[in-house]
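One chain, chain A, appears in both complexes that follow, with chain B as partner in the first and chain C in the second.
Presenting the complex of A and B:
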């Protein structure tokens, strides 16, 4: 029953996708309004099919329908309800199913948003491209990644194998993958409009305005997904870190880097009409990198190039990737001359020059990570050598780029468009730069070592001081012009240009993350010790004593917890319990660290072995500075993204005697803050 | 015109410098992953560079030091090496001293001993470990076969015996 519903739903979604895509493409090519309107009607069909398939799978998972191979492989009778639900995205077929649902939601939301422009060929082509992408994923599910395949045995098993042990050990499993997928899949929308712009020849600024919200939403989800992934790694894997430059992690970072570059370069095109090819390329690259990431993580190619051929899905993903890249290149090539823009950068000390430098650094960052990720695959394919790229490569290459980006983040928001003067630079940068230098001096005086760390602290302070100045000048100008209180002035200022101030809030989050990464990568203290009951060890002021072990057994797992008393400066900070669990279906034990978090540092306790014959446990103790700011920074970035999405609030202009001075003050403050002027047409576009 | 040319030259120099730096870093941080028998063959050419060796911990060879670290033998059925691990062995290894647990040890050669910095258990780190298990099972079978062969050759009684 569930299998029949699931398979029918997938067939419905695939049929809807191909029908809609073909009808829309024909309608758009012929400029036939009836066909374009008819094509849109298939969008709800795809959504209903996707919802039906996911509902059927959830029904099967929660009712333990082991006649389905996917349910048998990923759920057991003892699996807790939360991890039974999350098993939907715990393995290949289910995760493609989730991908299909999220894509169908995005397509439906986009079709709804552009319902008034159903006759516009740009919208019709974009929807057709979205449906073609959906068709690919639903075709995968009807073929090599069928989630509704029957279990091989004719007799239905009484119990399943359960999820991978690592995937049933922390509630973050419920949030990290869906967030990541919402980010990945969301980039289909700007990609589809970019392709549509190339097909129709309308590659001005219109498609950028059409996709601004979708790009922001996808970028926000991907940001949160990556930060949650780091948090999951930190809280679950027990190795004490949050980012290991693992190919799977890199696969999520790559599209984020190109998308972040696009978020900045898009402003140059809106304001100056430049970088058309670059923006199209960034959007296409971002989408292509999401497919590359899926290929890397789902084809088995990371384990071994030769495992790729064992995977049914790998070949299809590679072909799809090739079609995207080659098709896009052909379209850009065909439009060649028409894509050229006459504008040029007038001065290296201008906003557009800073954004261009920012984009080059993001592109370099992505290239470095891409090479480090795919080099082992190429080495194995071409020379039959199994190699991996060590973390020092990524650290050495990305640290200077990260420092450069922090510097640009401090400088770019205060630079005016086109050109600037020394006086303006001095006025806007002197105080923030002085704050940055002072912070560097103070941190060195307090014992900070490491050029990258000290530079990150200084540039972080430079950036925060610049952002603070931006807000301060804006609020002050409003108060003078409109006689408002501080809170009201700040609120209305943000509502008046949410894109600018939301972006600055995102920058605050980035600074927090940058400082946390610098501190934790440079000043972590770590020891591996063996302790018998009653023994203690002291590290970075913390005294950790082993009180004994406790064993708990449930249907899901057997857990041995080490009870560790933590004290600092004579204060009892409580008992923490790192543990090791064994799951019936797993061959390996899974460690779960216990973390004491504070504003200054984390005490990270991870059990490496249970009591041996002498009653000694193995325990790894680390003191990681400023880690909590990494998670706070992620939340601040998410908040900034939400602010960017808030509709712009237009205010009546000041009138009457004496208002002229007020208007002038606000405009001057806006310009000083690097803000676009209210009368600027691009600002009107920003609110759509 | 001259200023424009100078800018291009500076940009080209920066790009070349960045590429040279990247290639240097890439070469310096290349970790070879080899099964034990290949690692033994390549020992001379690898010198003291960092590499990863995959195999299984030979049953009964694990010995932990009280002050931290451990020693054991690593084998792939065709060759066996001595490993001196500075970090803690994985719990699965300590729990199965008589099992053939597949692991990867990262470190470098010190004479004929492999000085390991860390031990990684060989299983799929992500969601689907089925394919990787094929290699693990093969190594384990090789290990168990080699142990059985060694026991037969030295006429030692097996567990069942």
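Presenting the complex of A and C:
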């Protein structure tokens, strides 16, 4: 029954996708309005199919229908409800199912948003591309990644194997994968419009405006997904870190890097009409990297190059990736000459030049992550040589790039477009730079060590001071010109240019994360000790004593918790219980760390072994500085993204009596928006 | 030179001096790594032999715990980095090292990103130079008038 509903729904979605894609493509190619309108009708069909398939799977999971292989392998009778639901994305087939649903939702939302432009070939081609992508994923589920395969044995088992032990240990599992997928999948929309722009030859700024919101939404979800992933790994994996540069993490970082580059370079095209090919390439690369990431993480190629041929899915993904990359290259090549733009950049000290530098660094960052992830695979495949690349490489290569990006983030937002004068620079940078250097001096005086760390603290402060000055000057000008209170002035100022101020809020989040990464990568104190009952150990001011172990057994798992009393400076901070659990389905025990979080640092307790013959447990105690600011920074980035999505509200300009003050407000607003002031001596001429 | 600009020069000079002092302090201080930092660095540079994609620092597998203990002992005994890691390379092979070899084909892993930044930076610099030499267009009164007229219509339509 559920299997029938599921398989029928998948077939429905795939049929809808192929029909819609073909009808739309034919209609758009012939400029036939009736075909284009008909093609759109298939979008709801795909959505209904996707919802039906996911509903059937959730029904099967929650009713423990072990006649389905997927349910049998990923759920057990004792699995708590939350992890029964999240089992949908606990393994390959279910993840692709979720991918299909999210994609169908994006396509439907896009079709709804552009309903008034259904006769526009740009929209029709874009929808056709989206449906083509959807077709690939639904075909994958009808082929090598069928979530509704029957269980092998003819007798339905009474109990399942349960989810992977690591995936039923923390509630973040409910949020991290869907967020990440919402990010990955969302980039299908800008990709489809980029391809549509290439096909229709309308690759001006139109497709950028059409996809600005979709790109932002996808980028926001991906950002949150990555941060939640780091948090999950910190709270669950128990080694005290949040980022191990493993291929799965790198796969999520890659599209984020190119997408972030795009978020910046898009402004150069909007303003100056330059970088058309580059922007198209970045969007296509972002989408291609989401597919590459899926290939790396889902085909088994990481464990061994030779493993991926065991499942067909790797081949399917690789072929799809090839089609995307080659198809896009051919399209760009065919349009080559028409894509050239006559733009120029007037001065290296301008906003657009800073964006170019930003893009260079993001591209280098992405290249580092890509090579570091893929090189071992290539070395093994081509030369049968086993090589590992890990944290030392990524640290050495990304730290200078990160410092460079922090520097740009401090300087670029105050640079005007086109050109700048030394007076403007001095005016806008002197105080923030002084703040940055002062912070450096203070941190060094308090014992900070490490070039990268000190640079990150100083540049972070430089950046925050610049953003603070930006807000302060704008609010001040509005208050003077319009006699508004601080709150109202700030609110209206943001409403007047949400993209700018939202972007600056995102920058605040990035600074928090950058500083937290610098601190935690440089100043973590860690000890691994064996403790018997009553013994204690002191680290970075915390005294941790072992009180004894407690064992609890449930149907889901059996857990040994070590009761650890934590004290600092004579204050009792309570008892923390890191634990080790064994799940009936898993062979290895899973440790669950216990973390005491504070604004300054986290005390991270992780049990590595239960009591041995001498009654000693193995425990790792780490004091990780500023970790909480990673998660706060992630939340601030999400908040900034939401601000960027708020529609801009234009206000009538001031006139008449307030005109004198109005000039000041205009000048200040221009300052904020990065415009060069009218009286600025460096402004020369109109644009070409 | 006006009083305002002189005080600004002083301010920039102070910033410069402070930067130099900070840099010197940091460089002097970062020379000596503590034992704990050395253990952390070395265990990050070795792969856990029984895990996929985890370093000795990141893994809780018993093999990794044993290796961490051996590294700690090596550091305590004052052995060099190579003396500590070589036995692991002998026992598990070259791919136990997480840092690609800078020689041979592994060099491209290090060189490519550097070349990209250097090449891209040079290309940008050349393009900027060429652009800045090309004559700038100067707006005529007719241009200005056209822009003003379009702006006025645009404002009427959007407000």
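In the analysis below, the second predicted complex is superposed on the first by the 664 of 688 C-alpha atoms of A that agree within 3 Å, B and C clash if a C-alpha of one lies under 4 Å from a C-alpha of the other, contacts with A are read in each partner's own complex, and residues count from 1 in each chain.
Here is the rule we use: contacts are C-beta pairs under 8 Å (C-beta built on N, C-alpha and C of every residue); 3 or more make two chains touch, one makes a residue touch a chain.
As the structure is a prediction and not an experimental result, all values here were calculated from the model.
J.: Please tell me, clash or fit, for chain B and chain C sharing chain A in the overlay.
T.: Here the two partners, once superposed via chain A, clash with each other.
J.: Could you tell me if A:618 is touching chain B, chain C, both of them or neither one (first, second, both, neither)?
T.: Once the two structures are laid over each other on A, A:618 reaches both partners.
J.: Which holds for A:92: it touches chain B only (first), chain C only (second), both, or neither?
T.: A:92 contacts chain B only, not chain C.
J.: By residue count, which of the two partners contacts chain A more extensively, chain B or chain C?
T.: C
J.: On the A-aligned overlay, A:548 touches which partner chain: chain B = first, chain C = second, or both, or neither?
T.: The answer is neither, since A:548 touches no partner chain.
J.: Kindly classify A:529 by the partners it touches after superposition: chain B alone (first), chain C alone (second), both, or neither?
T.: In the superposition, A:529 touches chain B alone.
J.: Is A:440 contacted by the first partner chain B, the second partner chain C, both or neither?
T.: A:440: touches chain C, not chain B.
J.: May I ask you to decide whether A:591 touches chain B, chain C, both, or neither, giving the answer as first, second, both or neither?
T.: It touches chain B and chain C both.
J.: Quick check on the superposed pair: does A:451 touch chain B, chain C, both, or neither? Answer first, second, both or neither.
T.: Second partner only, chain C.
J.: Go through the superposed model and pick first if A:388 touches only chain B, second if only chain C, both, or neither.
T.: both
J.: Mind working out whether A:238 is in touch with chain B, chain C, both or neither, as first, second, both or neither?
T.: In the superposed model, A:238 contacts chain C only, not chain B.
J.: Considering only the listed stretches 59-67, 113-121 or 149-157 of chain B, which one runs into chain C in the superposition?
T.: 113-121
J.: Let me check the overlay on chain A: which residues of chain A are in contact with chain B and also with chain C?
T.: 246, 248, 303, 364, 368, 371-372, 375, 386-393, 397, 528, 591, 608-609, 618
J.: How about chain A: which of its residues touch chain B in the complex?
T.: Of all residues in chain A, those touching chain B are 90-92, 95, 164, 167, 246, 248, 297-298, 300, 303-304, 307, 310-311, 364, 368, 371-372, 375, 385-393, 396-397, 528-530, 580, 587-589, 591, 607-610, 612, 618, 620.
J.: Which positions of chain A touch chain C when the two form their complex?
T.: So the residues of chain A touching chain C come out as 237-239, 241, 244, 246-248, 302-303, 344-348, 353, 356-357, 360-361, 363-364, 367-368, 371-372, 375-376, 379, 383, 386-393, 397, 426, 430, 433-434, 437-438, 440-441, 444, 448-451, 454, 458, 524-528, 591, 606, 608-609, 618, 650, 652, 684-688.
J.: Can you list the residues on chain B that touch chain A in the complex?
T.: 18, 21-22, 25-26, 28-34, 50, 52, 64, 66, 68, 87-92, 94-95, 121, 123-129, 131-132, 135
J.: Quick check: in the complex, which residue numbers of chain C touch chain A?
T.: 8, 11-12, 14-15, 18-19, 21-23, 25-27, 29-30, 36, 40-41, 44-45, 47, 52-55, 57-60, 62, 65, 68-69, 93-100, 105-106, 108-110, 112-113, 116-117, 120-121, 124-125, 127-128, 131-132, 134, 136-139, 143-144, 147, 158-159
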